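Next come the structures, one after another.
First chain A sits with chain B, and in the next complex the same chain sits with chain C.
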Partner chain A sequence: MSEFSVGIRQRDTVSVLDLRGYLDAHTAPELEKAFQKELDEQRYNIVVNFSDLSYISSAGLGVLMQFIEDVRRNDGDIKLTNMSHRVYNVFDLLGFPMLYEIFPEEEEAVKKFLNKTEKLS
Partner chain B sequence: MTTGNTHTIESLRIQSRTELLSDMRTFVSDAARRFGFSENEVGKIELAIDEACTNIIKHAYKFNPDGIIEIRISSQKGDSSPTKFVVDIYDSGISFDSSKYTAPDMKEYFKKLRHGGLGIVLMKKLMDEVEYGHMSGQQNSIRLVKYLPS
Partner chain C sequence: MAIPPHLHSGRRKCYIAATGVRFVRTSVYVFFLGFLSIPDHMKFRQHIILFTAITAFVLDFLYIVIQRVLTQQKGLHGDIVHTVLVLIALGTGGYYHFRATAEEERSPVQLIGRTVIVITVYLLIIGIVQLSAMTKFVVENGRVMPTSNATLVTAIILAACGAIVSIVVFASLTRLIFVKRRKTTRRNYIILLVTASVVIAGDFLTSPNGLGISGFDTLLDILYVFLVIAMVVNGFRFSWILVLSRREKIINLLLSLFGFLFFLILFIYGGENETLNFSLLYFHPALDSFVAVCFLFGTIYMGIGFASTLLHLPTAKEFDRKKVEISSLQNMSRLITQVFDFDELVATTTHLALEVSEGDAAWLELTERNGKSRHGARKQTAETGTPHTRPYAFRNIDPEAIDRLRTPEGMPLQHLVFDTASPLLIQDFQSDRRIAASGRELRNIGTLVIAPLISHGEIIGLLCVSKRKAFEFDKDVVNVLFAFADMVSVALENSALIRESIEKERMEQELLVAQQMQQSLLPQELPRSPQFEIAARSIPAYEVGGDYYDVLTLEGGRLGFVVGDVSGKGVSAALYMAQVKGIFQSLRSDGSSTRDILIRMNAPLCNSMESKSFISLLYAELQTESGELSFARAGHCPLLHVRGDNAKYLRPDGMALGLDATERFAVTLEEERIQLTRDDIIVMFSDGVTESRNADDEEYDYGRLTACVQRLQDRTAAQILDGILDEVRRHSGKEEADDDITVLVLRWHGNT
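The block that comes next holds the complex of A and B.
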């Protein structure tokens, strides 16, 4: 049964992870694998698009915490976008907006990465 | 003290496997919906039960898939207190000593980039009462209660 899936799109220097379905302790290893793949390929500009994610438990939030240090140490970031009200509430209850930038639309998050890359070059 | 009437509505015995978390969620959210909670409240109860069962699978049974989790749902109606939706979850794994638990300061949590341990924080935020118990015969229990808005 495919309760959860992660798709990866490349937008210039930015990797967009599209999450779909139900993210819990059973499916979180799938997301872990996707992040690990990005880090192995040394891609540290990561946008996570939640538009097709119906459900998240703390196991999903734990995966984001697991990778944020490595990503930021390499001048990258994990930016979060397109959350439903229900999914956003879970992040908000735990105070995650203190640590992660959350955007209504993917476009804004990607633009922020690309502007930063332009300034550096 | 309120002398409330307790009625057991239904119960589920299920193995401690993460692939069954969705069944545990469905069992409780269906009952909560029938009880009269709004979709928003059903979502909170569903998540709290997921977090409790995930902790049992991870910490009490250490991912041993043959452990048994029992979920019992009951309602309590007191004369002067709100109608309560009560979820008792039992396991026979390693006990959790809630007296040694202190909730993390989330600012510190993020500063130190910790991960894990968020389930219990969520349960307490999502439910009106969270209580850990230990019974003879090495059975652990956790009681999660949500008040039905009048």
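The block that comes next holds the complex of A and C.
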């Protein structure tokens, strides 16, 4: 019933995942696959853009939890952007803003990653 | 041998006779017919026939010896008694052999083989006799006579062997003629028999050892010509060669060559040689003639057989392949029903692919979908581009080699097939431009065919077969492999469907277990008191979410309320729930605050849960003496407090359990306390309530919940609970909810 898809874009050293549709227990494996692909290719600067996501369930949040440790261990991060009010509420209720950086706009998240890389180099 | 006593006297006689016959038969079998492999279960009548043949022969033997002793050196001038006895012996012996071998299931090649063995043995016997120089004949008035008794006995034995051999040869050739018989076969055969009989009779009449009547010579020569023509006509009965395998054809070629040569030797030699010819001639000129006819026919038949086999040999390989193709396709259609074991299916597939094409190496590649191969329908999305394939079931090739099959651009070679959806044939692998240089290092590949497996218009995999040398596969092989690939697709698709339905069955079983577990974790009875009313219910979704609630009676007049939601589904969610329930049970006597209890729960849950799982939970404690409610919220839905027209969602800070094992959990967790007054209503719930969506994708949301509770605030807790659940169900418009729905209503009456 629920349609969901992940698109992956590269912005410099940052991977942007565009989520679309409903993210629930049925579609979560799709997101899992996308993350796994990024990790396999050793891309740890990940921005998840939620602008086209209309619903997220706890299983969808679970996917973020599943990969965050690995990503951070490799000096990367998962930053979340462009959340609708409804989606943000779900994150907020569960206390996710404590664990993830959430930005209103994708630009800011990407910039933050790029600044960090510059500092390092 | 003991006679079973229960047999009647009449039957006894038969029994004795049969036993006697069996004895004779066994002796004959051992001494004469050992190599003819007589079937074990012969009928009684056949015993009698065999017995007659042997008796006739023995009598004839005695007759000759006695006559010689009585008549002193005189020969057998076609003696009537002797002729009758020879005819009886030959006739019954021949008939017996025909009957005894009629039931055998022997292939034409085996029959030819037997014929060749028999005449080889006969040639050896003649050779031994010849070398030992035991026979000496004299010719008196054209008649052949033995010079000694030893010669006489030897001649009789040779003649007997000749009779047996010709019978066997005659029977074998007859059966060969009748393989794949046609309308004219029988007629031609009868003509042959009649002509042969006339020739033999003529020989008997004219031979000096026979009746010695002269004047028929020209007629007899003409008859001989007719006989040879009849033999040639009957000899052209070799359609069975066509269906032989290449190996059988080669065997047949050799056998018929030897057969031809041996028969020729026997025929020519038998006509000239003293030992053989005189023995037979002396014994009986008709037998000599019969043996000669047999050998002539053998020569002609084997000659034609050799030539036919030789002509069929060049096409034998092609014919073999067609046969294998047909049988493999038949096997494959059987395989379609054997789809329960996927590994077996792919293994058999590559095995049969090799058989069909006579290739050297084969493997199967299946399209990956959603990270795992369902070997079913493939969805080619813009994100995935050309699908990735994974090799299975390698034969004579290893996966690393397959990985090196790439185009010069570095793409897997298999992608060429995805573009065209038709088979790819590379005739000269080592010099083909479509292959990258790294691939050419694979010296074991000369020719390569990749056939797509297509199901419902989509490529679900590839069947690859290679051959060591270049230019080994022609278009026929490619077409056959393509047809074969279709069958493989069907089989794989069936296998996938079966696996899916088994998986579904298993999932349903697991869900049932999870539902039962979940139900058993919920409280059976809720505390009752004049001070308060409690009503609670959890409605599991079809695919059980992880909702959980509990009401605990604690020490010091306190009541504990838990409403939680474990992320994930099924048995694992139910197990985490059980863990939460266990922790609450162990803390019931503890005087800690609600916040402390949640903090103390977090660490063990972080350790035991998967990283992607977490639990949102609201824990509240009611001090029944004072009506004070304290609560802490670990990422769960807020608590609704309704007091008359005032309705408030209370939402102290707090992260879900199991997310963060560090201090952060404790730092962010807040505890809130409120003082309840009479008729206050507290509603705790799970997100299944507020996130329940209708057809327009609108959530039930907090506003509707507040309105509902306020409207029902004069009712009992149970009625409020029913009201909420009813309204949520009406809102979603569905009987089955997508997510678990849990509501706990507390109505405080206060201390009156």
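In this text, the second predicted complex is superposed on the first by the 119 of 121 C-alpha atoms of A that agree within 3 Å, B and C clash if a C-alpha of one lies under 4 Å from a C-alpha of the other, contacts with A are read in each partner's own complex, and residues count from 1 in each chain.
We adopt the following convention: contacts are C-beta pairs under 8 Å (C-beta built on N, C-alpha and C of every residue); 3 or more make two chains touch, one makes a residue touch a chain.
Quantities reported herein were computed from a predicted structural model and do not represent experimental measurements.
Asker: Please tell me, clash or fit, for chain B and chain C sharing chain A in the overlay.
Answerer: Once both complexes are aligned on chain A, chain B and chain C clash.
Asker: Examine A:R86 and indicate which partner it touches, taking first as chain B and second as chain C; both and neither are also allowed.
Answerer: Touch status of A:R86: both partners.
Asker: Per the contact definition in the header, classify A:S54: touching chain B only (first), chain C only (second), both, or neither.
Answerer: Once the two structures are laid over each other on A, A:S54 reaches chain C alone.
Asker: Please indicate which partner A:V6 is in contact with in the superposed arrangement: first for chain B, second for chain C, both, or neither.
Answerer: second
Asker: Look at A:E30 in the shared chain and tell me whether it touches chain B only, chain C only, both, or neither; answer first, second, both or neither.
Answerer: In the superposed model, A:E30 contacts chain C only, not chain B.
Asker: Who does A:E101 touch here: chain B (first), chain C (second), both, or neither?
Answerer: In the superposition, A:E101 contacts neither chain B nor chain C.
Asker: With the two structures fitted on A, what stretch of chain C runs into chain B, 115-123, 655-663 or 673-681?
Answerer: None of the options clash except 655-663.
Asker: Is there a shared patch on chain A that both chain B and chain C touch, and which residues make it up?
Answerer: 25, 57-59, 61-63, 65-66, 69, 86, 90, 93-95, 98-99
Asker: Any idea which chain B residues touch chain A in the complex?
Answerer: 18-19, 21-22, 43, 47, 50-51, 54, 57-58, 106-107, 110, 113-116, 118-119, 121-122, 125-126
Asker: Spell out the residues on chain A that touch chain C in their complex, using ranges where they run on.
Answerer: These residues of chain A touch chain C: 5-8, 25, 29-30, 33, 36, 54, 57-59, 61-63, 65-66, 69, 86, 90, 93-96, 98-99.
Asker: If we count contacts the way the header does, which residues on chain C are in touch with chain A in the complex?
Answerer: Touching chain A from chain C are residues 370-371, 381, 383, 543, 565, 567-569, 610-614, 616, 634-638, 653-656, 659-660, 664, 668, 687, 697, 699, 739.
Asker: Using the touch definition up top, name the residues of chain A that touch chain B in the complex.
Answerer: 3, 22, 24-26, 57-59, 61-63, 65-66, 68-69, 86, 90, 93-95, 98-99
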